[in-house]
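The two complexes that follow have chain A in common; it is paired with chain B in the first and with chain C in the second.
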Partner chain A sequence: MTTKVLALPSKVPAAEKLSIKKLLRTMWRQRWLYFLMTPTLIYFVVFKYGPLWNAQIAFKDFKPLLGVWGSPWVGFEHFGTFINSFYFTELMANTIIFSVAKLVLGLPLAVIVAIALHETWLLRFRTLVQTAIYLPHFLSWVIMFGVMLVILSPGNGLLNAIIERFGGEPIAFLTSPKYFRWVVILSDIWKETGWGTILYLAALLAISPDLYEAAAVDGATPLQRIWYISLPGILPVIVLVTLLRMGHILEAGFNQIFVLYSIPVYSVGDIIDTWVYRQGVLNFQFSLATAVGFFKGVIGLVLITISNRVAKRLAQQSIY
Partner chain B sequence: MLYTKTRDARIYQVGIAIFLTVILLIIVIPFWQVIVTAFVPLDIYTREGIPFFLPPTKWTLEAFKQLMGHSQFARALWNSVVITVLGVTISMTLTVPLAYGLSTRNLPGRKLIMTLVLFTYLFSPGLIPVYLLITGMKLTNNYLAVILPPAVSVYNTLVMMSFFEGLPEDLKEAARLDGANELQVLWNVVLPLSKPILLTIGLFYAVYFWNEFFTPLLYLNRNDLLPLPVLLRNILISSSLNEYVEYNAFSTSPIESLKAAGVLITMLPMFLIYPWIQRYFTKGTLVGGVKE
Partner chain C sequence: MKSWKMIFVVFVLVLSQILAACGAPATPTEVAPPEAPEAPAEPTKAPEPTTPPEPVDITMWLQATVTEAGPPPDDWIAYDIIREELGINLEYVIIPPAGDGEAKLNAAAAANDLPDFFQVTSTNRGGERDNLVNYYELGLVAPVDDMFAMMPERTKNHYNNQNLLDLLTFDGAVYGLPAPPSIPKREGFVIRQDWLDALDLEAPTTPEELLAVAKAFTEQDPDGNGKNDTYGIGAFIEGPGVGRRFNFVFGAYGVLDVWNFVDASPDKFELNVRDPQYYEAMQVMVALNEAGVVDPDWPTLSKDEFRARWKQGRFGIMWEDFAALSNKSNYEPFDTNFPDGSWTPLPALIGPGGEAYYGLDDAQFNVFAVSQRAVDEGKMEAIARLLEWIATDGYYLLGFGEEGVNFNLDEKGFINIDGIDEAQAYSAPERQPFTQMRNQLVFYNTLAEISARYPNYTTEGGREMTPIDTYLSFFQSQNWVPAFAKLLIQPPANAADFERFYNEGIIQFVLGQKELTPESWAEFLAGLDGQGAKEYEAAAQQVLSDAGLLK
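Then we have the complex of A and B:
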């Protein structure tokens, strides 16, 4: 998951009250700009708000022949079906386990690596490490799947070759319910931790060198230096990233799971998004699948709004 | 100056270096193994499986030859290039005006547009409504189905917007006094000054379209339209490869080598453009979104 940290544009200075005439004149002056923006605005109406219109089938019994508008309303029936179904707990649990584990295990590692990069004197080596660890972020999960097969495959995988060398039995990591969750969590950490260090490293580099110099004069140990200067310096970023990730807690990584999972591991690997895909696209349960997607969207909206409020209060920063 | 180079400090530095080396190896070893797998010759493979070290004289391009010689693979490579080029062009044409408009302070309606755009970023009704829209528009088996739904990334738009906002207002005002209209201001003043951000966002879109595999899987069901990642996935999950590559008893490469070679070919463009992207994000251009 990419970290999305953005601030809202600062408030426009309160404009003087414009008369309608003045407003029209400004609009006329900007006519070229409106003209340029028109294709994008049409795009937003069709491709971003069109789906919102279609989302009404979450409250309907969608029949393709009757169309989105013509299908009969059923209220919250599909939401009830979903919440009372046996797969509800399983899907919610898998989704939350994946995103929380990725955050709880991945974030401290990213912080530690960033601090190590910041501490080292070997600047060329630092650039080399940075180059290597950022790269996996740009690879798709299909490529990752290929790399993982080379490492984890029970027949020829490197890891299984090592296990066999030490007298163990080869493990089918990708299809065993016992290991699948770890495979998902650790492969995500492998892919994204390096990229995650960027924000922390930027924050570390922004800390005033004076502080470190003063600490050196006072004879602070490296550990004291990290504990009293570096960590407090990046704490706002850590808080911000955590809040943002909490806001996206139901985004457990659709592409990753979709590529890696298979029927034997559905019980430990299936997340809301993969389920929506199978129910909707493969089983034609359009209304039910849309209701579940809508449910997820609403929870996401609520969570992100709350975490944004908290971020504003804690760090005077907005996360979107 | 900054650090006193005592013995303790040196030991500490060695510890840090060792830690970073371990991290580096954890990232590099899997790639190394993929490379060896792709280049291992058949005779070594049948004798001892896939080695970790391969003598320099033994490396063979056989798997790449076999893969590229197959029309389906070459076709998929071409399709990916088409989708990426078309996708980046459409994305940029739609993103730049929106970002510029939103960065123009005195544009009437700017706040409304901003709210509408942000809302789509914060609330998504999920996959099915988009799926019904695309299939309803009869875009199945059309590259537009793959390109249009993700064409404008709100995040990229906001990053570009904050870059535009940082440009000096004086330059634009000077052009306006010379009688330039907003179109000319954008084209002659703003865009030339914005090359770094245009390149960065363009590359991000390119990476996105090159990597995209789920949407093509969803909307393209003709084999001759499939892009590389979809074909690669099919190759990776198949055990015989017969559909995609001539693989039989007479094959000159092990099946693992063909898969690894496919991974490397799909990865190659990322490797090539990577130094370009890196130049910008190490300077912190992309973390510019985080501001007080």
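Then we have the complex of A and C:
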């Protein structure tokens, strides 16, 4: 009995030593893999971890001449300024609405399109569709705005011409608070869904054809094949994408909103990032801008942690 | 194992390339300076003290004169002259206008990396001084008083306006170089004369008549093409609230722009929205929009889109810059589309109270600054040398090109292009990259310049165009509200929120998203007070009183 008790603690450090040694040995054995990883690691250190040092200006009254370190500390003042700002609730609401809507409506659509493309037996048709739906991704939002103006303008827009043909009144889609959110969400889906299918298509192609063949032999219908093979096969990717998007929940697409919004739709279109641009960057309040960035990062981290746990429990999937 | 070794070798090679690329910027700057002086030094092998000094590197950020034209090419002759004659390696960077340029400058300022010499840029018209104040308070810009003696000719022609210098003087020292103001009072109220004639209408003189004419333009097919594709009024948002493209409405009520300069006195200096007449002007705006006589895209249009639309004959009443309207290159597309079309300038509309103000004369001028870092590195003298050269020996080269190749000078000093190849003429689009600095650093509005920039011409349809006589002179002769003092007013601390509340509130009323009633208007004003409007007004009044500008 006593020997056992005594032996236990003495064993633990031994085991630790062993594991470190083992780890080092494994690392050495896989040294080339680690070596191949170094450029990525260097990238992260230089561009992601390095700048974290500068994030301290979120807690400081940043003065360029004094530098990041020399600027005086002000604690949580900038966070207070942001949270107490007149439009805080509205900015948060708009941001989250856009983010969630793009995720909730955009993701299933991308999955459906990917599955449809995967299922089609007309290869040429598939290539054609793929090219067509990838295309908008490569247009900048400035160009997209031009296209949308031609379609949505209440004066001579294509859509309004159709509405008028059917006896309706033209709708100012881009300046009406009633429609603006839909314009943002749908235009984002139009632009990005095609590109979003790539990941799912890749995952679908990784599913072993044997499974489909076996299912066909067993008499499964195409829908059953999708439901029981395709979807479970790409579930890890869906979970991964969703989890990663949770980390960016407070980023609702600055470029898009910045190009599309105008004063009449600020109430439904102004998001955190556009506010930061106006108040932080244009009014030279970089500490405030950084504080908001920090705030967004923390929320993203919390959300990603929670949703990872939830995913682990409910879907037995997680990113770590 | 062999393959692993191969991978390793390849990897090391790739990595060394990447690292070399990362370090690249440092190498040329370190190597270049010794190389440059060596060349002139070698032939004579003279003793070291007499060798010419090393060329000074000057980085200069300016806005473009013609944004779509692009920068001059690297082999531009001016770069060589500046290097050889002035001993300056000039790095000339064109920055975007308005907010984009401001964001770029602010980012550089935050990194304490402002260029040696730069044009201060702002989102808001007249906001350049505010930004300069920011940079001054942060210690990022240097006083330029010493430079004036170093560039006598330039100072005489460009920096001779004491009012402007005073505006840029902080704590007894001048911190910015004010470029001569662009031609003042250069925008105005114009109408399609051919549309008026086609519908047999008189030009409007009051807001009510404006509504009636705009309605006719919208509904009675003034261009006679059988389609319902025209609007009365065209505009876009330029400036706070609905912007100054609706000056013809607000002027009739004496409530132009944000601040009330019409009724300003030492005891009273307020926002225009407090004036009961502003409410009346808003009622007109609401009526115009409700009647559907304003091009409905106006709140989202950019300046370029707006300009494309009047050239396409989409509307017949607008507020426009005289050069954008009538200069040859701007007018040509309109003339091609509508050979019989013509724009007539109109006087201010007369409001019910008899008021008829045209616009706000807020003395626009560009501001240029020298960064403190450049002065610390001993570059001030070189910057002054460059600026003086631009005002003297380099004047024609940077303003028009090479004499005999791109332009001719007559005996009176006026510019012409007689016998010059059309594509080589200083006014040709191909030559625009070579004169990008002209509006920023070269011109100072001499008679010769103005007649070279806005010449009379005959359109292809045979119409005689006289931009200065027809439009500019007319606009300038109208009743403008002097508002020079506006530039002194600093934005409030919560600028983004205040501006949004103000702009959004006004636009919502105008577009009918919120009903305009005395109650809702009072609510809006109360909301503005909640955003600190009273404090903002008090601060503005204080600043203007201190400067002795409220009389």
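Basically, the second predicted complex is superposed on the first by the 212 of 320 C-alpha atoms of A that agree within 3 Å, B and C clash if a C-alpha of one lies under 4 Å from a C-alpha of the other, contacts with A are read in each partner's own complex, and residues count from 1 in each chain.
Keep this in mind: contacts are C-beta pairs under 8 Å (C-beta built on N, C-alpha and C of every residue); 3 or more make two chains touch, one makes a residue touch a chain.
In this text, all values refer to a predicted model and were calculated from it rather than measured experimentally.
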First (chain B), second (chain C), both or neither touched by A:36: both
Touched partner set for A:286, first chain B, second chain C, both or neither: both
Which superposed partner A:52 touches (first chain B, second chain C, both, neither): first
Which of chain B and chain C A:170 touches, first, second, both or neither: second
First, second, both or neither for A:277, with chain B first and chain C second: both
Contact breadth on chain A, by residue count: chain C or chain B: B
Touching partner for A:156 - first (chain B), second (chain C), both, neither: both
Touching partner for A:131 - first (chain B), second (chain C), both, neither: first
Intersection of the chain A residues that touch chain B with those that touch chain C: 32, 35-36, 39, 149, 156, 277, 281, 286
Chain A-facing residues of chain B, complex: 1-4, 9, 12-13, 16-17, 19-20, 23-24, 26-31, 33-34, 37, 49-50, 52, 93-95, 97-98, 100-108, 111, 113-114, 116-118, 120-133, 148-149, 151-152, 155, 158-159, 161-162, 165, 181-183, 186, 207, 210-214, 218, 229-230, 232-233, 236, 256, 259-260, 262-263, 266-267, 270, 274, 277-278, 281-282, 284, 286-287, 289-292
Chain B contact footprint on chain A (complex, rising order): 2, 4-7, 9, 12, 15, 23, 26-27, 29-37, 39-41, 43-44, 46-55, 57-58, 68, 113, 116-117, 119-122, 125-136, 138-143, 145-151, 156, 158, 161, 190, 194, 198-199, 202, 209, 212-213, 216, 222, 237, 240, 254-255, 258-259, 273, 276-277, 280-281, 286, 289-290, 292-294, 296-298, 300-301, 304-305, 316-317, 320
Touching residues on chain C, where the partner in the complex is chain A: 4, 7-8, 11, 15, 18, 99, 102-103, 106-107, 109-112, 123, 131, 134, 138-140, 229, 231, 237, 295-297, 299-300, 305, 314, 372, 491, 494-497, 499-501, 503-504, 507-508, 511, 513, 530-531
Chain C partner contacts - residues on chain A that touch it in the complex: 32, 35-36, 38-39, 62-65, 67, 85-87, 149, 153-156, 170, 172, 174-177, 262-264, 266-267, 270, 275, 277-279, 281-284, 286
